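Some structures are shown below for you to check.
Two complexes follow with subunit A in common, the first pairing it with subunit B and the second with subunit C.
Coming up: the complex of A and B.
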């Protein structure tokens, strides 16, 4: 076989232009099946009534900015984490603190409640995700039984248990997501594809299979197959960092909140963005989003201290909630949809209903 | 490698300025005295010789060309992109990470400029070899390319498989560190020459539905669950967060004997909804028992346990599932088609968490399309529906009429008068306590 001179620069440039051409073709294919807009279909839907949503509980106890929270499956307990390194488990109904852990690092940016309700996971600037089994013994030092599970090469931005207490999914500032076995700390699968920090993730509702969505500083929202580690869908319509992603309850769509002051809805089966939730008066980024049980309402916590409630189908804002005295950093609807909880840089958490 | 550097040094000694092609630079970097410092590194459980770190590479380039770190990184990334240097840990991202990430110099055999055109035959042999090593090792885009190559190279496939087996056998004879190194080199080479640009092509090919269909489904979901959304419809008897009354939670406890009507209604919305509610699943299990097809649900649950369970017991569990549900003559044998059974049994020889996926999906669809429908019409379900609790608005208890109260007071007075000298304080305290008893239900009503 005769040796041939293959210029490397030619190959790379060629690959790049091929890649661009394919991206354009992808957009064309997506557009072909786009025969109707969401708000058009929503015209036939009954409008929503007036809402009276108020703070029903205020949880005070953190000494610094609240960064993350998660609900327990029992619909009343929550775990929250803060910049001062403290992770607190509350019975939000009675506002009693039930457990407290001090992490060996500040900025605990991620925390999650285990499905059994018997453990919590958290992490942040320590680049790790650790699991703390909870104990009823008030004298027991929770930190003693701590299990170090995930290890990233940059900060931990989000974590979530899968369908059991035995696996954790994490996302990190190192640009990757990863699936871990809690017992052994073994890395089961890693997910590469984001070009910058990954800030958030959400697992698909269990009936719809083994996927999850992640959002990052590269403005992309990626949908991943947990089995192969492959990115199976990607959306790049936001104009800035994506801070939060959450699946629509049916699993066929997901919403995102971004520093570009908009929230968006992506339809997975049509493979496109189908709604943008924005207003001229909203200029600060959305930090955290979640759906009500029916998917009709989207709650968004923003950096301008407010919470905006959107009609998902009609695309309009139905309510704006005031109360926090600093950025809203985290927001989750309770498992039975009776309330939602918001955490803020004003050191408090509020339960709204 | 060393041979090349020495050759290069001999060539260069006579020149004033060394030629600044990328290859030349890479050769310089490998000089044992003035190049990037390399050492034996541990990677998981193997030791790799001549490994270099990203930060050392960047530093070397910055010094050599008197440029800033960003420029040095860019040049380093070019070297990785073209395949002169390859990453040991993150073979998919062809960039220089300016940290302790490990890299190695690619052997000149694999240098891009050195190459005769990258042959599809070689690629086919490479993929076939990886397939021999471990089934299911190929990534999605590689699997696609493998299938394509198999199609159009069908006539020489025997040759390809033979070559792959040969290479595989030769590879096994190498010492472990050498083998790991060679595998890394080879893999890196193919990532450069057969990049997953296929991903975007796959995205184009992916099945998509019309917006009207998928958006219609989203709207339908929202409408179906409207009355089950506490933010849209009042949850009965009351929302605990609003009234401090936890009855709603008590009525909806996980394993309650008689679930509420609303909860039972949700089970009719979709099979997934039924399965994800433990109480619903129990009811379904009861129905299946009566139909003698309980093994389907048991198998599905076992698969879930395998997928989401601890890694340590995974292999054991997979074997147990095989013995209980799949083996010939198994005690709870499930009925799946021949092809699926074949794939599953084959996969079980190298079990992993998703090895039962195909079988699980088959059984899930079977239950969804067949058993679920029958369950909803079954006596078991009808019984559950009948016993389901109505979530009434908070029951307000009625109070005794003032007419009756006055009657009772009169009767008391008469009794006391008939029983002898009256102690006024006693009478008053008795009357007072009667009044209290009568008033207390009223108090509750007012709340």
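Coming up: the complex of A and C.
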């Protein structure tokens, strides 16, 4: 019986040309539906008036760069993490520190509040994500109750609880994202597809189902199915690392902030980029983005120490906020949309309203 | 990477691209209209957009004065 021998190099060549053909087809399909720009559709919308947003609280206490922060669902507590290895829980109304934990590593790049408000998760150069239950007893040593949940083979860049305290989603410098069971530390699902460090992630609003978006140093933003582990959509229009991704409140789109000094909006149903938020005068990277609760405003924290506020529909900048004395590294709008908090390499956090 | 594993890797890439090429898409005009509608419907409930007054925004409430 004569077996037909196909050299691997021939097969690879065939696969390569098929992949090129598919990429072209993908672009063509997307282009067919590109009948108008978002800002054109938005021409008839009332323009926004002047904004008066000021720093209403300054949280001082970290000994080094603030790298990450998250709001508690109670709309007043905040957890923040820093290069100095400290994770602090603040009452943003009073600016009091309620808890402080010293991590065994420096560069705690990720932190998140549990939905119940009873625990926080954090990690960074230790390649892990650990959960600390918050005690009402101020004297209790939180570090004693620490639970190691996630283990990556490189730094932890972001973490988020899913809609309960029981599961955590992580992203890492090892190029993967992963879903973990908090109680057992078991890996429930891993997400492979980025070609370089994954820097950020965001979960879809609970009404829209089990997906999340991640952004990485490969300039790609990927949307994943949490149950199957499959990448369901991928967007590659940024020209540099994507530092931050955030879902639009309806769940139908997401924004990204990148080292290419732009923020962009990607619509999931049109499967394409639909807006770019940029100006020639903005040349420093955007480190973090978040929407106001109606989705009309996009707040971007930048490496030039400023916060730019964009009209999402019209694509124009409506305000520029000064105050931080070094890079803005993290930014989140509060759960009820009454304020947003920014963290900076200047060691402080600011609450703006 | 061996030749055989390169083939496996490339097959995965092609499979993923096939999947992505076949998803259902809507026109930008329709998607944009829906994004816009969401903004408009929720505009009044957006405190940062409407500029909620000091009496209702806990962060805008004046703190106790301190003597310098």
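By our rule, the second predicted complex is superposed on the first by the 352 of 353 C-alpha atoms of A that agree within 3 Å, B and C clash if a C-alpha of one lies under 4 Å from a C-alpha of the other, contacts with A are read in each partner's own complex, and residues count from 1 in each chain.
By definition in this document, a contact is a pair of C-beta atoms (placed from the backbone, for glycine too) under 8 Å apart; a residue touches a chain by one contact, two chains touch by 3 or more.
A quick note: this is a predicted structure, and the numbers were derived from the prediction, not measured.
Enquirer: Between subunit B and subunit C, positioned on subunit A by superposition, is the outcome a clash or a fit?
Expert: clash
Enquirer: So, does A:353 touch the first partner subunit B, the second partner subunit C, both, or neither?
Expert: Both partners, subunit B and subunit C.
Enquirer: Determine, for the superposed model, which of the two partners subunit B and subunit C contacts more residues of subunit A.
Expert: It is B that touches the greater number of subunit A residues.
Enquirer: Looking at the overlay, what does A:338 touch: subunit B (first), subunit C (second), both, or neither?
Expert: both
Enquirer: Examine A:186 and indicate which partner it touches, taking first as subunit B and second as subunit C; both and neither are also allowed.
Expert: first
Enquirer: Could you say whether A:228 touches subunit B, subunit C, both of them, or neither, answering first, second, both or neither?
Expert: first
Enquirer: Once the shared chain is lined up, is A:236 touching subunit B (first), subunit C (second), both, or neither of them?
Expert: neither
Enquirer: After superposition on the shared chain, which partner residues are touched by A:167: those of subunit B (first), subunit C (second), both, or neither?
Expert: Touch partner of A:167: subunit B, not subunit C.
Enquirer: Need the overlap of the two footprints on subunit A, from subunit B and from subunit C, as residue ranges.
Expert: Dual-contact residues (subunit A): 8, 11-12, 15, 18-19, 22-23, 25-26, 29-30, 33-38, 41-42, 45, 48, 51, 53, 56-57, 76, 93, 230-234, 248-250, 252-253, 267, 269-272, 274, 292-297, 312-313, 336-339, 351, 353.
Enquirer: Which stretch or stretches of subunit C touch subunit A in the complex?
Expert: 3-4, 6-7, 10-11, 13-14, 16-21, 23, 25-36, 38-43, 45-49, 51-52, 57-60
Enquirer: Hey, which residues of subunit B end up touching subunit A in the complex?
Expert: Interface residues on the subunit B side: 22, 81-82, 90, 92-93, 99, 112-117, 139-140, 195, 197, 199-201, 203-204, 206, 208-219, 221-226, 228-232, 235, 239-242, 246, 248-249, 252, 270-273, 275-276, 304, 307-312, 353-354, 357.
Enquirer: Note which residues of subunit A are touching subunit B in the complex, please.
Expert: Contacts found on subunit A: 1-8, 11-12, 15, 18-19, 22-23, 25-26, 29-30, 33-38, 41-42, 45, 48, 51, 53, 56-57, 75-76, 93, 153, 162-164, 166-167, 181-184, 186, 188, 192, 205-208, 210, 227-234, 248-250, 252-253, 267-272, 274, 292-297, 312-313, 336-339, 351, 353.
Enquirer: Per the contact definition, I'd like the list of subunit A residues that touch subunit C in the complex.
Expert: Spelled out, the residues of subunit A in touch with subunit C are 8-9, 11-12, 15-16, 18-19, 22-23, 25-26, 29-30, 33-38, 41-42, 45, 48, 51-53, 56-57, 76, 92-93, 193, 230-234, 248-250, 252-253, 267, 269-272, 274, 292-297, 312-313, 333, 336-340, 351, 353.
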